[in-house]
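In the two complexes that follow, chain A is the common piece, with chain B as its partner first and chain C second.
Then we have the complex of A and B:
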């Protein structure tokens, strides 16, 4: 009887799926048929230099705030206090490690001291391997000839991360304890992460002016959500049984938080810190546009003269810093976990007690040794020029000048020899894919496109998603930049399809072979951290200024996430299933298509969702290389005062597109039988 | 335990070695040695806008202020319009090369009264429509804008929707190109490259590979030393012909570039304020320095020093009164 019911459900679900695919096909066919007579009508276009009343009102607000900054108590008593507090913190950190300070021509601690401290911190937080990695990584900054800039970046990043933790950790704990707080904070955090950074650069400078303070706040807005979310997740994830037993021992809420929840969530919390640090680092170049000091400045500055080599060299510095910080904090979270397990298990396991004690003594001795070394190194670098200023820093560093020359030579060769091929690719993609799709989406009347979006939403995500969809569409129309939003939407969809193709191909390859995984993973990590600005210039040479260039840039940024997620999904398919498929005579291709991909379905939808969000976060960068539409408007709004309001509206439109696409893909994942994740927006996924 | 003692020994050895090293090497001296012949200068915040001509101005001024007047110069790398905000807060003291911006002058000089005009730089700025030199040679008649429509098809790209493509660059530059295309009845579409990098790269590729490109550009600009883009003359500029942004049908106004400083800085009596006020040079001077920075890859300071050493008579007049 039970099996009959199960079969019936399966059939019903099967026919439901078939009916849904027909609905989608039908919608698309109807769309094209209606598009033919209606195209070009009611598309709500708006030329770049023209404004709607909403944009004009935002402009007026901008001017008003500028004129009242000096007199309003809100500014003198509140905003300016925050601003100078953050500026002081940043300046203090800079004076320690990067900028001449306290009447000295060099910072307090020179390179030798900083390297020794990095080794020490690496050991304290993690282990000897990480200590060596930190030391070598920091030495690389000097060898690349970007020591001072790297230290500026480090100081600014540290300041931002400190503020994130100061505010994020308590909020995260609170959110983990209270459902009401969670419900209030989640949409706010979603918004903070989906909002393209460029959008709030302009309003931020309006309140906090240019300089390190604004840069740190911009970084904060982008980097604080992961630590809040992940901390809350960790606090909430503590097993009920553990809480139960502490309660039965008569612990108060505060006591059980301190003795049970926090210790058991420690590892997760450290992971949150890791994610926040990575997010902060990924803001380095963008923050440079509003006066953040450091490596980002070098990148932006070098690109003014199309000096790809120098930009790459500085980008390499950012990548190295990201690797060091990521690996050390990841290792720290593992250590925290082991420490906790050891603490819990110590009582029962008397046997290995002696060995553990001697290991601990060894660690303590090594720690003391490294500590002494660090003190000596700091003293030396405070006192002597050779230990304060990295050798050969005037001539571009021992390795740096070579890197710059090499990359410039490669760049030149590529531009000279590959251009005709790449130009062909661009034209085929533009005329064959981008133009038709854009014409369909952006040249349809607004009511037609809205109807199609609603129909597709109903078909793939179900009625639950409908209210959000309707609100997003209404706000998109209200923003006054509907047609630009539709142009951006079509480019985003295409880019996401390309991301998924790459994701499936490389993800399956990586998931099936450990060796491939070991080779590809570091490359993917680097592609995610290398500032997009660095590879934009060579792309410009290859593909010209076009929407295709913008799409390629987005794909390079978003593909690594999708590849990693799919690889993990394929790897997660139980080995027995794969083996039994192979033993029953399936070819490798059949195993992939019939077993591994279907079973990794959840990973696939998650990859599509994350791919979309990452692509959207590159829309603005795409605007710098010919992507046009919303991305260009945001950039223009940031730099032209008369377009301030329009840029802001365009930024909101990007967020609306993000929420729309996120909710529809999540709804689809829910319906597809995958266990519903809550919001997947967790910043970078490693 | 054995491992432990070995570590202690190594550490001790290293520490002794380090102490021995400390015997040699030069010590860091506190304080900077400013020349005593001038008034104390303090800190000067120079806005450093993102084009190389501007950077050349900054390089020379900052070299002179640091080495001749003993000032501490802070360069703020920010874009044109954002720089103006800095006057109110004191994060920016000087904009060394201002291109027009009557709206900003109104807001910050007339309304907020935080900035003042500080005289011309001596550089003439020309904005306009440019094509790569090979194109001007191959089709000389294109230099007359009336013939642009004849060639519109050649400028077509995947981005321009069936019309000729006209390329615009950095979003922070105020352009009339959309209105010009419309009002001159040209069969072109303005495509927004989105950044100056993108625009320069397009012109560079166009000249190397004989491609058809037309776009917005300006002088003085270092890139013109590498590829001598040719200016297409539009109907001549007359004062007021660009008053209504939607109806513009004339060429861009030629600018006499000027300097803007914060009111506080102007009244401070700092020798740097005098230096900035007296600063005046030619397009050739600026291009020389800009070329050294952009093409010869010299550092700002090195390029400035080269120019300063070669033109003592020019800059010595700027120091009068400090």
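Then we have the complex of A and C:
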């Protein structure tokens, strides 16, 4: 019955869709026809070193703010207080584990102490396996010769996570309790999450200068939404029956919160903390561009000097850090779920009382042992140089120098022998896809491109999206970097199309086969927690600096989320519908094309939306490896004072592109009967 | 509306609950006369409870019965203001609970009421003993006192030895024992039950009903018991209120409801009841005629037909129904047989269908009992 009505609506919607797709095709044909005579006219180009008046004014503003930083009450009383507070927190953490401090040549806790603490924390939060994982992972930082950088990254991540939790947890609880707060916060969080990673770096440096404070604040902005959202979700999701019974016994609101809501939402909240931690790590590495200390810096410098080996080595450090943090916090959420059972043991009725008791005593004993060990290790690492400075850290680490040399050798070999292959791929892609598309979009007169965007917006998303579209286009023109924005747009669109192709192929495959799903899903999950940075390195090694490298890295970064969304969409098609298609003699291909994909339409639009956001967030990162255009301008803005204003404008242009693409795809999703897809955060569904 | 003995503990008059936009405009206006469906069509409001009045005496078991959607849950929640009533009054020993401020309301809930829920509403992260002690904890009772009291209740509800279990390690019936224990632990004056056994298997349901009957004998509380199951209502209730579409259809003792259904709705309801188990001989006696022999044995009017059957059928003359020395009427073989034969026919028809189910349930029930005892 339900499926009959669904089909009816689908058919009704279908006719509208056909008309709309003709409109899109017509628009595109008209665009190409007009482009032929008009190409190269009114494209609003601007060479890198040249500035528009707006950029000059932004430079002046930067100078002006610089001059008043020490005198204006807004700065001395507010901005500087925040800045120094956050900087102090970060410096304090660094002085504990990474930087020479308190008149000592080494940090307070040396490597031995940190490794022992990592083991202890791993065990306290999770279990023995996680403790071992944490210990081995941390030891790897030293072996790779990036101990100090890793600890810097860890310190900055911890600082950001601390602030996120301090602000995010109460806010999340409040949002979970109050509909009004939820209504107020949701659009703010939506906005924060739709922002391409990065673009708030420039405005932040305007106020907070380049340095750890800006980096940590940027990380906070990026990482705090998940913990707020997921905490609120957990608090709200507590079953009404439990709350009602608590109320019926006369519990106050506070008592209900403490005894019912918080304990029952515990596991979800820890999952939120996991997500926030992973976001923070990702952003801390990227925020190296505005002075975040640590592994990100190494990667950035290595990318700038094309030292693939060093970049890979540091990237490996980031990957290990990501794995340790993710595994330990995920295991912690499971443990929290069972944590209140400590007295009884999760085995419950099955486990004998004696077994439970001995398990409990065993854990106590091990905990005490590890605690003593950690204290001893911390003391040793405080006192002795051998326990403070990782062995062979001067010569690049026991393994690190080998990794660097090995990867550079491989890179060399690739350059030498695979050159024809990689160049071939690159050239085919460049001449066959990238150049034509870029030429069409960036060499069209601005008014033609604007008209096309408006027409497509009307066709895809409907008139409601038109005002936002118009404003975004106007601001893009006003930013003075129109042509660069169009180059970036073409790369973004191309990457998104590739993401969608991958998404549909693998998503359908996963959606139709449990086995494939079981194999691929953990890989995708792992890929998603990796900080964006590390995706650049291998492709840089293969393809050198080029637009193609940046695009491929963006595709690889964005593909997992799209694949998972589409797989879930295909999986969500009711089994009876698929069976009825099969029973009426459809081939597998017909079932996919005529039943599963159309019914997963919502997931497809959602995947396109998320794919765009992810791709766009890689634009700036891609600027480091030859992505050019807006990404390059943003990066240049950080390093060259004369380009500050232009970089800022480029950042705004990225935001405008982001909003434009987000609104249009969201509008399309709405028309397809879909709700907003914000519940997908880093690909996990809540 | 007869048969109230003792003082009325709970006195409900003109209670309304209207869900939807601007509920106040319904009560006391012509809209109030509309049926539920019409009202929803006109205003978008649902009148879940419509003008309900009744009293409950101390130590009485008062059952509210009706089909699902008839407003029972809403009614029972209005009694403790878990749902805010729209109109009417709810008095406990004369105090209108609707006038209580939040603090006073909390005090009432902590000390005088307790409720048992259909879906148990247990806290999964707490052990059984902590679930049972929850009400005391909320009230601020010290830990050792709490555990002492919770331990007593644990024995009372037959869960000795399960103190350290977590709710999801128990079967449904045992979970509801925890729910019952949690309500009893605070030693309330009135216990409210919202379909507490609907989620349980039939045999376990029977066990739990016996449990309630036993507890009522032992601790003697006033109980308001919601159910959609007539058999449950008849087993437990001193009096029964039947609801339909939010309104009250009939209130009375079980034999009144079965013997004199107020309308076709109630008649349909009670059609399947084994009448010989419910009806008293008051309902089957006939007036004395001039030519009747008056040498038969004597019985009170409140003896159930089933219990009177042997005596009536064995006697050579009709049984005399006597109350306070006064002869009310006579019961002869014919009257008894009419009731019993009707029951038998009904049972014969349904037994064929139910046989398979019964054995399956019996198996489950044995396991359940074993688990509780073990």
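Heads up, the rule we're going with is that the second predicted complex is superposed on the first by the 454 of 686 C-alpha atoms of A that agree within 3 Å, B and C clash if a C-alpha of one lies under 4 Å from a C-alpha of the other, contacts with A are read in each partner's own complex, and residues count from 1 in each chain.
Keep in mind that, in the parts below, a contact is a pair of C-beta atoms (placed from the backbone, for glycine too) under 8 Å apart; a residue touches a chain by one contact, two chains touch by 3 or more.
Everything numeric in this text was worked out from a predicted model, so none of it was measured.
K.L.:
Where does A:188 make contact in the superposed view: on chain B (first), on chain C (second), on both, or on neither?
P.N.:
Once the two structures are laid over each other on A, A:188 reaches no partner at all.
K.L.:
Looking at the overlay, what does A:636 touch: chain B (first), chain C (second), both, or neither?
P.N.:
So A:636 only meets chain B here.
K.L.:
Which of the two partners, first being chain B and second being chain C, lies in contact with A:255: first, second, both, or neither?
P.N.:
The answer is second: A:255 touches chain C but not chain B.
K.L.:
Which partner does A:546 contact after superposing on A: first (chain B), second (chain C), both, neither?
P.N.:
Once the two structures are laid over each other on A, A:546 reaches chain B alone.
K.L.:
With the two complexes superposed on chain A, say which partner A:623 touches: chain B (first), chain C (second), both, or neither.
P.N.:
In the superposition, A:623 contacts chain B only.
K.L.:
Should A:588 be classified as contacting the first partner (chain B), the second (chain C), both, or neither?
P.N.:
A:588 sits against neither chain B nor chain C.
K.L.:
Does the superposition put A:244 against chain B (first), chain C (second), both, or neither?
P.N.:
Touch status of A:244: second partner only.
K.L.:
Which partner, once the models are overlaid, touches more of chain A's residues, chain C or chain B?
P.N.:
For chain A, the partner with the higher number of touched residues is B.
K.L.:
Taking the superposition on A as described, I'd like to know which of chain B and chain C A:434 touches: first, second, both or neither.
P.N.:
So A:434 only meets chain B here.
K.L.:
Just which bits of chain A does chain B share with chain C as contact spots?
P.N.:
none
K.L.:
Which bits of chain B are touching chain A when the two form their complex?
P.N.:
Residues 1, 3-4, 7-8, 10-11, 14-15, 18-19, 21-22, 25-32, 50-52, 55, 76-83, 85-86, 88-89, 91-92, 103-104, 107, 111-112, 157-159, 167, 170-172, 174, 178-179, 190-202, 204-205, 208-209, 222, 245, 293-295, 297.
K.L.:
Could you pull out which chain C residues touch chain A in their complex?
P.N.:
Of all residues in chain C, those touching chain A are 80, 82, 106-111, 113-115, 117, 119-127, 134-135, 137-139, 164-166, 169, 179, 182, 186.
K.L.:
Mind listing the chain A positions that touch chain B in their complex?
P.N.:
47-49, 63, 66-67, 69-70, 102-106, 205-206, 209-211, 288-291, 297, 300-301, 303-307, 358, 361-362, 365-366, 368-370, 372-373, 376-377, 380, 382-388, 415-416, 419, 426-427, 430-431, 434-435, 536-537, 540-541, 544-548, 623-628, 631-632, 635-636, 638-643
K.L.:
In the complex formed with chain C, which residues of chain A make contact?
P.N.:
Contacts found on chain A: 241-242, 244-252, 255, 259-260, 263-264, 266, 340-341, 343-344, 348-349.
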